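Sharing a structure below in structure tokens format, with a few things to ask.
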Amino acid sequence: MSANSSALAAAPASSRLAPPISASLWLNTPAPLALEQLRGRVVVLHAFQMLCPGCVSHGLPQTVEIQRAFDPRTLAVIGLHSVFEHHDVMTPAALRVFVHEYRLTLPIAVDQPSDDHPLPRTMRAYAMHGTPTLVLIDALGRIRAQHFGAVTDLLLGAELGQLLAERNGIGSAELSP
Amino acid sequence: MSANSSALAAAPASSRLAPPISASLWLNTPAPLALEQLRGRVVVLHAFQMLCPGCVSHGLPQTVEIQRAFDPRTLAVIGLHSVFEHHDVMTPAALRVFVHEYRLTLPIAVDQPSDDHPLPRTMRAYAMHGTPTLVLIDALGRIRAQHFGAVTDLLLGAELGQLLAERNGIGSAELSP
Amino acid sequence: MSANSSALAAAPASSRLAPPISASLWLNTPAPLALEQLRGRVVVLHAFQMLCPGCVSHGLPQTVEIQRAFDPRTLAVIGLHSVFEHHDVMTPAALRVFVHEYRLTLPIAVDQPSDDHPLPRTMRAYAMHGTPTLVLIDALGRIRAQHFGAVTDLLLGAELGQLLAERNGIGSAELSP
Amino acid sequence: MSANSSALAAAPASSRLAPPISASLWLNTPAPLALEQLRGRVVVLHAFQMLCPGCVSHGLPQTVEIQRAFDPRTLAVIGLHSVFEHHDVMTPAALRVFVHEYRLTLPIAVDQPSDDHPLPRTMRAYAMHGTPTLVLIDALGRIRAQHFGAVTDLLLGAELGQLLAERNGIGSAELSP
């Protein structure tokens, strides 16, 4: 996204559906979540690693602010712990401590390890380049943006606002839920 | 706007058109601007005073970031110097120095003083409560939000994204210009 | 000061006494201050201009934090409004509004204009290069450091701590007042 | 330390020597360090846990800034990984990854676990209340300050400046090394 082109492209015919989340474990949710069940909502999927400095200082606080700022009935926030290095110390047990210490309350999927590859399955399915990665999925389940690294609150907010407006439909009686 | 209701309400039938800007002077523009000529664009109107601490530390930097982040063909940013106190020292000459020292490049209107009232004319027409105030005007020229004081980049971005999406129309071939 | 040489040099024989403050006006003090009467205290002299962005965003907040953090019986903080450009709009009347709006409570001298030079007198006497400039004066009235532009809180604190320790004398019964 | 009493008390007769560091492991140093061998230098000992949010966001960055700002010949900085909870996931192996990811280069001692107590040995010897804790040790090896939680750069700098000045002795030819 260039500095002066902040709007998302319209979903082209080639927009692909967001691949399913392959999780070996879920935290902060009574039951596993599936993207299909979130159709009708905008979904923010935030891939992180608990020992990734950029995730801890920037990505996760931003994701928590999204969780706080938007109505969960229209926008769902999901964390994805996508460990692709140092697997032996970023274990589910370590993640539980991290989640407790950082008081995270969003649902978090532990990305399922691949049998034959250091990158876990969901990370591969989305072709992520590392962490933090923020994926924006529209109400029809399509990937509309995927940011690797930092994105400003202002531009991220604009993208979410656009997806929320699309969700509600222009001309409807109510843009807000 | 509550913490969990970040979307703008749909423009109701009662939405009023943004009043015209009454300016005694314009800076950073070869000719005065009129809101009418900006129809088709989202307009961010930022009212400030050069000696208002919240304007200098928060409001103006945020407005400058909006100016930088969005395409001027779809979103116009206008400053409004609405002096309602200490008129003798926040003069146009002082404002020119301020604009120079802070390297501001956005068009700025000097809000026209009222004949019989300390509040200047545009400020009164918009019923502003003070500075900084941020007014969001949609592509049809209607006031859709008016924030007095600080608003987060995330929520402001979401509102701008919604107005930009409305502007482009849902279902059009292109959401972005 | 290099990154790894944060201590002040010992006051050499050639240390010069801080020149007197030439003020045309004082704010926030019942009577003019003279450096001579502050002997025995460390003095922080902060030269600023009310329309200088670096002064407003960084220099003055840091000076206010010094004022808050240290005991005024051992460390005195003085502001110096050294206008060297745009004299017509950074008048004493404008400064009074600025001081009021920013809730500044430190004593502030208005640097006396020179008869024949754009730089005011105190600024010239100290050979300052611009604003913000922070001058550290020891308890014996000698200039020990003069910073033009930004200096980190950590290094500034270390310099103040050194001057305060010198003031109290090593080996005295009490380092703190 | 009250807001207006920023200087350290003179070292009273009762000042106690800093207890030795009990380490089960050292990182970022070719050989274990002992406080005795650092006599003549001011020592900053920073106790942290790798999954303690306040340590990661505030304490460690501040300690790294101290490491960068001061001359290591006069001021030594040591990290102390004092795990007192979640021992199973904040292991030395996990710490190594953390140190690598955060690019920490200061010497770090892994605080030796107690046989019969959740608090590790050095933490107990210093009677620390938690993490982050910052201990300032003077050039004679005495504890002069111990901060639990956040301390501002300005006040911390002042304390370090005082200890550095004491180290050099008032009246010596050179305050800086």
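Chains: A, B, C and D, in written order; residue numbering restarts at 1 for each.
Throughout what follows, contacts are C-beta pairs under 8 Å (C-beta built on N, C-alpha and C of every residue); 3 or more make two chains touch, one makes a residue touch a chain.
Fair warning: this is a prediction, and the values are worked out from it, not measured in the lab.
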From chain C, which chain is the farthest off, judged by mean CA positions?
A
If you line up contacts by residue number, which pair in C-D, A-D or B-C shares over half of them with A-B? Let me know.
C-D
Between chain C and chain D, what's the gap in Å when you average each chain's C-alpha atoms?
32
Mean-CA-position distance for chain C and chain A (Å)
50
For chain B paired with chain C, centre-to-centre distance based on mean C-alpha positions, whole Å:
38
Hunt down the residues of chain C that sit against at least two other chains at once, touch-wise.
none
Work through the pairs of chains, note which ones touch, and then classify the graph as line, ring, star, complete or other.
ring
In the complex with chain B, residue positions of chain C that touch it:
51-53, 56-57, 86, 88-91, 93-94, 97-98, 101-102
Touching residues of chain A toward chain B in the complex: what are they?
3-10, 62, 65-66, 68-72, 74, 152-166, 168-177
